[in-house]
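First chain A sits with chain B, and in the next complex the same chain sits with chain C.
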Partner chain A sequence: MSQSSTIDTMTPTRLPGQVRAWASSNSALVAMLLLFAFFGLTSQTFLLPNNIFNIFRQMSVVAVLGIGMTLVILIGGIDLSVGSSLFMAAGISALLLRDGSTAPVAILVGLVAATLVGLLNGLLVEGAGISPVIATLGTLIGARGLALVLMDNAQIRVTDPFFDTIAVTRTPGIEALNIPGIPLIAIIVFVLYIITALLMRHTIYGRMVYAIGGNQTAARLCGIPVKRIKILTYTLCGFYAGIAGMLIAASTGVISPNLGSGSEFYTIAAVVLGGTRLTGGIGRVEKTIIGAFILFMTLNWMTIRRIPTEWQQAATGLLVLAAILIDRLAQRERAS
Partner chain B sequence: MSAPRATTAPPLLEMRGITKHFPGVMALSEVDFSAAAGEIHALIGQNGAGKSTLMKILAGVYQPNAGEIIIDGKPVRFQQPRTALRSGVGVVYQDLSLVPQLSVADNIFLGREAGGGILVDQPTLHSEAARILSELGVSGVDVRRRAADLPLAQQQLVEIAKVLSHKPRILVLDEPTAPLAEEETALLMTLLRGLKSRAIAIIYISHRFKEIMNLCDRATVLRNGRLVKTVDVASTTEMELIELTIGERVEAFFRHGEHQASDDTPVLEVEQLSVGRTVRDVSFQVRRGEIVGLTGLLGAGQNELARALFGLTLETSGVIRRDGKSVQLHSPKAAIQHGIGLLTEQRKTEGLVLNLDVRANLTLPSLSFFRRWSAFIDNRRENRAASAMAEQMHVKTASTHAPVGTLSGGNQQKVILGKWLLRDPDILIFISPTQGIDVGAKAEIYAQLTNLAAAGKSILVVSEDLIEILGISDRIMVLYQGALLQTFARADANEERLLAAIQGNLQ
Partner chain C sequence: MKRKMPFLMLVVSLFLVLAVGIGAVGAQDAPLRIGLVQLGTDNPFWIAQVAGGEEAARRNGFELIVTSGEGDVTRQVEAFEDLVNQGVAAISINPLDANAFGPAMEQAAAANIPVVCLFSYMDGCATVLGFEERVNGSLVAQYAVQLLTEKYGEPRGNVAILLGALGQDINTNRSGGFTDVLANYPNITVVAAESTGNWEADKAVALTENWLTAYPDLDLIYGLSDSLTVPASDVLRRAGREDILLVSYDGTEVGLAGVADGSLRSTVALLPQYNGFWNVYAAYLVATGVQFPATYYMPGAMVTTENLAGFQQLSVDLADNIAAFPFELPVGNIVADYGQRFSN
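And then the complex of A and B:
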C-alpha cells in the first residue's frame, strides 16, 4: 500500500488519470467489485451474509493453496502437485488419528509430509534441472499414489474433536441484524494471507523472490543464492498445501481417494485472476485471494442461478482467459 | 557530399541524412553514406559509433527517424529485412544465423527450397548448393553435412554463400573476420576480391585496420553516431584512419591523473589460472588503488577470465588469493563476500531487475546490511541509503520507488554502479563498461573509475576498445588465444603496440 501511494503522488496528473492508473494496476480488485455488484443485483440470495460466508468456506482450500502457488509462480516456476500434497497430508493425518494419535502429532506429521513433497519438487527442479511442469506432474502422480498405498485405497473418516471444532466454530454473530458469525476457517485463511503478504513485503526472502522472478541472472550476479531460494519456495508451497490439507480434512470430515484432485487448476486460475504473471517477478500474494474470491463467487452465483455444472466449468475457463486478456490490454495501456 | 567518388556514375547505394534515436541514445545523426558497384567500402568506428545501426537500417531491421535510402537512383523504404533482401541488400551478420541441425544445402536455401511443391527436390538442392560454393572458390565443404559439424570458418563461408545465393547487389559483412584464424581470413579476402568483378557493392565492417588497408577501396568513419569522413584508402595511412576513428576530443575524455598504487601489496593474486578451454595458465596481480586493463581480440579469453574471478565458472584450475589468502570463488555470492564486484555491459539481462524499483536494485547486493530481526529488512535505513546513493550518482529519476526499467540507459548504468558502491567491495571488475552508451555518460563513468581508484579500490577493466583501455589503465594486460601474452606499463603502451599485441605479435 505504501508503494502504490508514493507512485501515485509522484505523478501529478488530473484526478481521472489517477483513478485510471489506480484501476489499471488494481484491475483484479475492480473486476471483483464490478462482478460482486452485478451478482448482487441479479440474485436475491447472493448477498445474504450466510451465502458470502459460504463462498469464503468454499474457497478456503484453493485460497490457501494459492499462497504457495503465488510464491512459486513469482520465481518463474509452477507447482502442479499441490492437490496431491494436500491429499497426502490429509490422508496421513487421518490415518494417524484413526490409529490413536493425538491431533497435534497428526497435524505435525501431515504438514511435514506435504512439506517434503515440496522440498522434493524443489530438488527435482533446481537440483536435477527438470522443468517445473514435468517435475511437479511426476510428484502429482507419485504423491497421490503413495498416499493411496498408505490408505489401502479406501476412504478414511476424520473423527477428532479438534478437527470438528475447526470445522464448526464461528465468531459470535449479530442476532439483531440476522448476521451469523464468521467461520473460523475463513479467519485462518485471512490470517495466513496477512502474514504471508507482510513477510513478502518486509523480509529479505520476499525481496529475493521478486529479484529472482524479475531477472534470475541479475539476481545471481548480486550474490543472491538463487537455487536455495527457489528450493525454499517450492518447499513453502508444499507446506501451504499441507495446511490446506488440514483444512479440507476438518471441513469434509472424510478423506476419499480423489480428494483435492484438480484443485491445482483452480489454484493456478485464482493466481492468474489475481494478476500475477506466469512469467514470474510480477504479482502479489494478497491479490490471489481476490482471484480466488472472483472464481468462487462466480461459481456460487452460477449455482444459485441453476446453471448446469458443465456450463459452469466452461464459464470458469472463459473467465480466466478474459482476465489474462484484460490484464494484457491494461499492460499495453500503461506501456504507451 | 565531400566524399570522393570512385566513379563518375551515380553510386549504386546512397544513404542521405540518416538519423535514428533510441530511448536515451542518439544512435545516428544525419549520416550520409554511399557505395558504388564493384567497390569494397569499409565502415569503421568504435563500439557504439553507429555502424551496425546504419547497416540495420539499410537491411530493413530498423526504420530511420529521418533520411532517405536511394538504390540505383530510386528512393526505397524497407519495412522489413525480407523486402530489403528482395531489393538486393544481403547482410552477413556477426552472429551466424545458420540452423545448426540442418545441412549446408538446406541452410543455403532455407525458406525457398527447390521443387515448388511440398516435397523438397534434394538432388537439385544439393547440386545447386555445391555450384554456389564452388563459384565462390570454396572447396572441401560437403553440402550434405550438418552446419553444426563444420568448423567456424566454413560456417562463415556457408553463411556468405547463403546470402550470395539471393544474388544481392549490395553485400554487407559485419565483422566477418572476428572469429577467423589468419589463413581463414586470407581465404575470405580472396573471395571478396573475386566478388568485386560481379559489380557488387561490398560494405565491410571491421575493427582491424590492417585488413581494411589491404582490402578496401574507400572507408567511411563514424564516431558517436555522426559521419566523420569518407576517404580513399589508397591515399591514406593506417594511423590516419585510427585517428579519425578515435577523434581529437579523446584526450579530454580521460583524466590522466597519476594515481599511483598507494601501496605495493597485492589485493588480488592469480596464479596459473585456467578456465575451461578458453583461458590458459594466466598469472597476474592487482594492487590497491590500481586500474588494470585487460584486452585482446574478441574471444581471446578476457571475458571468461573476468567471469571466473567473480565465481561464474566452475571449470577453473589455479590459485586465486585475496589479500594473500587463498580463496575459493565458486559462486558470485562467494566472490562478493571476498570483496569482489562485477559490472557487465549487459545492463538489462545481467545488471538490473527491471520490474523492481530503483531502491531495490541499488540495495540488492547489500541486503544483509539492512537486516533486522534476522530475516527482515529495515525499510527506513534501506530507503535512506538508496536515496543517498541515487543522489550521489546523479541518477535522474522521479523517485527511488520508480521501476528501474523506466530510466534511460545512462541512468540505469549509474544505478548498477551505485549498487556496487553501496556494497563497497575492494575490487571491481568492469566488462565493457561503456559499450553502447553516449559520450556524456562515458565521460562520467571514466571519472568514476578514476575516483574509485583514488579512493583505494582496485579495478580490472575488460574491454576490446583499445582507446578506452589506453585512456584509463595504469597497466594493460593483453590476452592472445587464452594466454597472457604481454603486460604493458602505461608509459610503454600506445595504440600501435597494443594493436599488434592483441593480434599475437609480442612487442
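And then the complex of A and C:
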C-alpha cells in the first residue's frame, strides 16, 4: 500500500514542525479551542462567565466517571457498569439519609458500595477471565437491579442540607465585573483530576498502568503484578463512580430508577474525545476533562442556539465519530 | 345540578353492576375466574393496580388470578398461555411487547376467552384501556394558562417544556395535548421544548440551568414527569428564580410533596388503584357479555395547590378504606367531590 504517499499529501507543510507536532499530540485541546472560539463568536450568551460555570457543573458527573474510565481503558479494559455503580451509590446514600443517617455515614457507605462493584468487575475480568464488556455488562444490569430492590423501586428525595450545600456553594465572585463565583462541584472535579494526574505521573502505580496497557506480556515478564494492578484499577473506577453518584445526588436532589443510565456512553465518548486510545496504553487522564468539556459545551451551545432536540442527539454522535477519525489520522501521521 | 351528577351516576352504575352480577351468578355455580397479567409485581404503581383489581373482584364476587412477566416478555407470554389453559372467563393484560403476543392471542380466541388490553393495541382485543395522556396534557395547559393569566392579568408569557424520550407515545401525548391548547393563545410562546434523553434527571437539571441563561424572561416550565420537574425545582430555588412556575405530571410521592411545599404548582395523578379496578372490572364485564367501546381511556386527576388537601384525603381513603371507594364514578367527579369537601 502507498500509505506514506497518502499521508504526505495530507500533511500541512506551512506550519513549522514544532507547532505541528504540538498540535498533533494535543489534538483534543486544539479542537476544544477551535470549537470554543466558534461557539463564542456565534453566541454572546455562551461566553457569559455564569454559562461557562454551568457547563463545568453539568459535565461534572461524566468528567468524574471519565477519570476511572480512562484508567480502565489505559489497561486495555472497559467498564460499562459506571452508570449503575453511580446509581447504587446515590440510591444507598439517599436511603440512609431518608432513614436518619448523618451525611458522612451515608456518603461513606455509598462510596463503599460503588467501590465493591468495581472490585467485583476486577475479579470477574481478572479472576474469572470474563471479557470486560461481558463482565461489566453483567454488573451494569445487576448493580442497578440490586439498588432498585433496596429502594423498593421508588423515587427518593435528597433533602440533606450537606448535599444541598455541595450543590449551591460557590467561591466569592467579582461583583464589579458581574462574574459569579465558581461552583464547588466544579472545584471538586478539578481537584480530583489534579490528584489523579499526579498519581499517574509520579507513582509506580501510574507507570505500571502504562506498562500493562502498552504490552501486557512484557509487563508481566518485568515482574509487574499485572492481575493485581488491573483489579485495583477496576476498583478505583468503581470508587470514582461512587463520587459521581454523590455529585448527581446533590445536583438533582431526587434519585429516580433510571438515574445515570446511559452515562457510560457519554463517559466513553469523553475519554475518546480526550484522545485516549481504546486499545489501551496511550492517553492521559487530564485530557478526558477536555473531552468532557467539548461534549458539554456543545450540548450547551445547541440549547442556547435553539437547535432542535433531535438534531442534538445526531450531532453528539457525529462529534464522537469525528474524534475517533481525527485520532486515527493523527496516529497514522505519528506512525510515519 | 353539579352536585347531583355523581349521585345519579352512582345509582346507574350500581344498577349496572347489580344486574350484571345477578346475571353472572345465575349462569354459573362456581365464581367466574378472571386473569390479570401484569408487567411486574415490584413497583408501587403495579402493587396499587392489583389492590384496585382485587377490590373489583370482591365487589362483584369473582375470583382474580394475578400473574406477571416480571419484566420478561417470554415469561409474560407463558403466564398468559397458562391462563388460557386454565380456562379463565377473560384475561386483562398489559403486554411488555405487543408484537410477541400474536400466537397467544390466537390461542385465547380459539378458546373463546376475551382479552382486555392495557395501554397497547393488539389484534383481537375486546377493548383497549389506557390513560388519557393527551387529555391530561391539555388539562395541564389549561391550568398553566390560568396561572399565567393570574400573573399578567391576561394569558401571556414564555413557556419551556422538559420532554421525556423522543418517539415514546407518552412523550408525544403529554406534550402534544399541552401545546395543542397553548396554540390558541397567541401571546403564550413555547420558547423551548427539549428532550431529557431517557427521562434523565441530570439532563433536566442541565436544561433548566441553560434555559435560565438563554431565556431570562421565562415564566413557566412544564415537565412531563415528576422525576424531571423536582430536580428542576431545585435549580430554580438555588438560582433564586422561584418566580418561574413549574407544572408537572405523574403524581408520584415526590411530586405530591413538591405540590405540598409549593415548589411545584401542579401534577397529574394517575390513580393506579382506580386504573387497576377498571382493568379487571372491564374484563369481568366483557366476560359477562357487556359490550365495551374499542378504546376506553381514563383521565388522570389534576392535583394543584388548590385541591391538594382533597387529593391527600382521597389517597388516604384509597389506602385505608378501599372497600368504600366510589370506583364506578368518573375519576374527574371523584376528585372534584373531594376537592369541595376538603378545601384548604
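Simple rule for what comes next: the second predicted complex is superposed on the first by the 321 of 336 C-alpha atoms of A that agree within 3 Å, B and C clash if a C-alpha of one lies under 4 Å from a C-alpha of the other, contacts with A are read in each partner's own complex, and residues count from 1 in each chain.
Everything below uses one rule, namely that contacts are C-beta pairs under 8 Å (C-beta built on N, C-alpha and C of every residue); 3 or more make two chains touch, one makes a residue touch a chain.
Quantities reported herein were computed from a predicted structural model and do not represent experimental measurements.
> In the superposition on chain A, see if there is space for chain B and chain C together, and answer fit or clash.
Fit.
> Looking at A:281 after the superposition, I want to know if it touches chain B, chain C, both of them or none. Which is it: first, second, both, neither?
It touches chain B, and chain C stays clear.
> Where does A:310 make contact in the superposed view: on chain B (first), on chain C (second), on both, or on neither?
It touches chain C, and chain B stays clear.
> Could you tell me if A:202 is touching chain B, chain C, both of them or neither one (first, second, both, neither)?
First partner only, chain B.
> Is A:221 contacted by the first partner chain B, the second partner chain C, both or neither?
first
> Of chain B and chain C, which one contacts the greater number of residues in chain A?
C
> Smallest separation in Å between any Cα of chain B and any Cα of chain C in the superposed model?
Superposition on chain A places chain B and chain C at a least C-alpha distance of 34 Å.
> Please report the chain A residues shared by its interface with chain B and its interface with chain C.
Comparing the two interfaces on chain A, one with chain B and one with chain C, no residues are shared.
> Name, in rising order, each residue of chain C that touches chain A in their complex.
42-44, 163, 166, 192-195, 197-202, 204-207, 209-211, 213-214, 226-227, 230-231, 234, 238, 252-254, 257
> Which positions of chain A touch chain C when the two form their complex?
45, 48, 50-51, 54, 57-58, 61, 148-149, 152-157, 167-168, 248, 251-254, 256, 258-263, 296, 299-300, 303-304, 306, 309-310, 312-313
> Give every residue of chain B touching chain A within the complex, in rising order.
310, 312, 331-333, 335-337, 342, 344, 349-357, 360, 364-365, 367-368, 371, 375-377, 379, 398-399, 401-402, 419
> Please output the residues of chain A touching chain B within their complex, sorted ascending.
So the residues of chain A in touch with chain B come to 3, 6-7, 10-11, 202-205, 207-208, 210-211, 214-215, 217-225, 281-282.
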